[in-house]
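Below you'll find a set of structures to go through.
Next come two complexes, and both contain chain A; in the first it sits with chain B, in the second with chain C.
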Partner chain A sequence: MADTGRLKQVAVPALGVSPVTLLRIAIILGVLAVWEFLAHSGWLYRDVVPSLLAIGRDLLELLTSGNYYFNLGVTAGEVGTALLIGGSSGIAVGILLGANRFMSKAFESYLYYLGPTPKIIFFPIMIMYFGIGPESKVALGTLSCFFPVALSVAAGMRQIDKVLIRVGKSFRAGTWQMVVKIYLPAMRHPIINGIRLGLGVALIGTLLAETKLSNKGIGFLIINAYSTFDMPRMYAMLIVLFVLAIGANALVGRFGGLHSIKRN
Partner chain B sequence: MTAAAVAKHSTARDSTPALVGFGSLVAFFLVMELLIQTGLVNRFIVPPPSEIIGSFQRLILEEDIFHRFLVTLGECLTAGVMLTVFGVTGGVLMHRYKLLQQACETWVAAMASAPLVLMYPLFLVIFGRNVWTIIMMGFIAALPPVILKTIEGISSTRKVLINVGRSFNLTPAQQFWKILFPASLPTIFVGLRLGLIFALINIVGTEFLINFGGLGQLINDLAERYDLAGTYAAICFVILVSVLFFMTLEKAERWLIPVG
Partner chain C sequence: MAPAATPSSGTAILVADNITVRFETPEGAILAVDDVSFGVRPGEFLSVIGPSGCGKSTLFNVIGGLLSTHQGVVSVAGETITGPHKSIGMVFQEESTFPWRTVTDNVAFPLELIGMPKAKRVERARHFIGMVGLDGFENRFPGELSGGMRQRVSLARTLASEPKILLMDEPFAALDEQTRLLLGDKVLQIQQQLKQTTLLITHNITEAVQMSDRILVMTYRPGKVKRIVDIDLPRPRTSEIVSSESFGRYVAQIWSDLREEASRGMRADEKHALNEGAAS
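So, the complex of A and B:
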């Protein structure tokens, strides 16, 4: 990833369109052409690969329907709450583990190994604790989001320049002042990176939980389209969802200046 | 103090945090047991830890958990083989054809941040409710990191190694197999480790969601039967399996990466 910046840009021809752009356009057109061909070939079951026209129509319908925005709002609210709870508790635990070697040695390995386990399997337990409403989805999102944030913050905390900490101490900063004035600003990148990872997994956790058991939200709409075999609608929803997820990820990265550090 | 005494002293000191960590875990379970037994926590929402431990026997005898474990492992390994073949080849091709890399690398990176697992209903339609939906879900969701790490590995081969190859007049194929590929193997393995972890997470998740296959389905089954102790025990088992899987991959990676 980091090496793209180092690649030599291919010379721009007189037309003003670089070969990279041309190749991109060619790939997109190629995929669309193959798709359309498959849609009309009859080789696959009908509607498994629906015509682009049908997907476009449903996409338009989706984007102009109030119901979709209501469900999008529900999911966004759930993911936002999950990110808020999971992110803030992750930052708190991360600071605690990063600042204290003993705590880190005692507990961090548990977080490290629990982090990459599938979280969706906790959904039955979350339903028992929080019911079948949005709360259980928020809980699952929170659980997913907590681990990457905590681990990233703990690692970031240990990488803070010792000079900064000494400056804080020589100013006799209290614990809270140290956190707000020294630790948090110095750890901006690891925190943003943790939140970016956390956002991704919180989104997955919340949406998967919605597809399993719910009556509102984007996950519900997707599984509903599946169960009524409305494939163009499902494709349309997946496209919008991916665009939103990738956009949100890029936004968090850019907001935190991750883009600039990655290129250095 | 003699050297042996110092070593002993330092090991004793080093093991304290680990003991505290483990002790806190045990204490947490004991407190939960007490709260549940005294009725302060509803046992129909949280079963007592002793009951969860007891239900492991049931999972082994009645639910054939080891067979299910093998099913999930088989799915993971199949996805792993596919990841190795297609992911690494994809990365190598993208590195070989710079134009392709410039055009597609950001797309692959974007795919890595998209919630690909949400496509499982789509895969259900394409492949049907069978083991291939699960394997493909694991494969697709884990593909971007493998491709990206392969490119990163080959791109960061040290210049001096490449120059050695050049001075020996190696053909491009020889240059790849003798220099670039071995030099990038550690980074490629990091990608494969990430990929396999993603694959395991998505495979168990898809099994749970579509109620088919190995361990994920078992959790869904037990939860639908309202067998709470069994559900908790199965979740513990899956966590244990994931942690062991993760540790094994880490060990393998350390073994592969040359010292120094």
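So, the complex of A and C:
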């Protein structure tokens, strides 16, 4: 984590915009132009690629509708709850596995096998247990979130500088003090990283579940728009979701970068 | 000649009694420390010196209560230790500051553990930060400091716990020579100011003679007490003492003891390397 970035100063032109930013803007404009061209070309079925104007109109309508925010709230609540339950249990299990060689040998290979399994295959079971309401989505999101957090924390725990643990012991820190004042802060980077991964898969799991079988939430709205061939509305919702996902990720990243290590 | 200088436990605050440590390795059991006994008197600066592989660091861990697979007894003021003892403060050889804490929060760490209120512990921490000469760096993170400064933070952190006995394992080993000398001065000054009972583990003869009241010379594996040397140099001392004639005599005397052990260690290492080479 050396701050070598300080040395590499990119020359900033008079307008205050770097060439990289200009290129990025150009790419976006290019994509939009091609999109709009396709929309008017008549080569594709109507509304598979709707015009930007139609999407924009629906976007505006979406952002001013109370119903949309209600469903957004439902999904956000599901993802948040999933992250809370899956994340905290993932951290607890990760610490246990990282601290105990025996437990790690016994259980960690199961986590590695279950981790990449698409959790959506468990959705029918979740519906049986929790019904078609938000509970089954939370359950699926939790299940998705748990694995990357647990594995990342377990690996992070093993990478803790051993001398810091000896320091804590030499000052006679109790078990709880060791966890709160040494293990957790020493692992903040892998934990944040795990939560970031966990957030991603919790979002995917929850939305996927909503599109399968549900009666509210963003996934439900999207699949509803799709099944009624309201493509502009569907695209508008995808755009909002995209922006929200980026925002959530940036928030988690910012949270973790508060005190960067500058050792070495 | 060897263990004759063992002081009676009546005057010593820290007593190591017949310490023996064996390690199991794939190549069989290794006797790391063999029947080592000594005592540290209140206010005394005692150094344990020996070549690499004499079990110095093992001894450090046993006295610090971080290693409990030893035979023999370590006691502080008559009380046998069974783990890290509140009267013993350890300073480690490795980089050991907490990178996520500021200098103040690092130094206040032991005070935080015992539940001292924030305002009070910050004030105490400031006191010890000043003592190691780091005023003005209170709110910096360790990553913003040099290696020597970080080691001073570690020292201040241990001093803040106000241990009866300061136990240090080659605290300057990773530093360059100039920093090491200046830091040695600082430690000497603090030790004399606090009348701090100190046990220093080192392989550096100059450092040991400069600071110590007594030096315990250890043999190469298994680590035994080879000799205990009284350093009869005037106090208060500074690093200038290294140019005095009597200083030179002590260094020469200890080096003649140590050379034998160090070359024995070197031969053992060479033999080991040869065997490894033949086996592969």
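Keep in mind that, in the parts below, the second predicted complex is superposed on the first by the 239 of 264 C-alpha atoms of A that agree within 3 Å, B and C clash if a C-alpha of one lies under 4 Å from a C-alpha of the other, contacts with A are read in each partner's own complex, and residues count from 1 in each chain.
Here, a contact is a pair of C-beta atoms (placed from the backbone, for glycine too) under 8 Å apart; a residue touches a chain by one contact, two chains touch by 3 or more.
What you are looking at is a predicted structure, and each value in this text was computed from that prediction instead of being measured.
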item	value
Which superposed partner A:234 touches (first chain B, second chain C, both, neither)	first
First, second, both or neither for A:219, with chain B first and chain C second	first
Which of chain B and chain C A:52 touches, first, second, both or neither	neither
First, second, both or neither for A:117, with chain B first and chain C second	first
First, second, both or neither for A:84, with chain B first and chain C second	neither
Which partner, chain B or chain C, touches more chain A residues	B
Partner chain in contact with A:92 - chain B first, chain C second, else both or neither	neither
Residue ranges of chain B in contact with chain A within the complex	14, 16-18, 20-21, 24-25, 45-46, 98-106, 109-110, 113-115, 117-122, 124-126, 148, 151-152, 155-156, 197, 200-202, 204-205, 208-209, 216, 219-220, 223, 228, 231-232, 235, 238-239, 242-243, 246-247
Touching residues (chain side chain A, partner chain C) in the complex	161, 163-164, 166-167, 169-173, 177, 181-182, 185-186, 188, 259-263
Touching residues (chain side chain C, partner chain A) in the complex	64-66, 83-84, 86, 88-90, 92, 94-96, 98-101, 109-110, 112-113, 141-144, 161
Touching residues on chain A, where the partner in the complex is chain B	1-4, 6-10, 19-20, 23-24, 27, 44-45, 48, 102-107, 109-110, 113-114, 116-118, 120-125, 128-129, 196, 200, 203-204, 207-208, 211-212, 219, 222-223, 225-226, 229, 231, 234-235, 238, 241-242, 245-246, 249-250
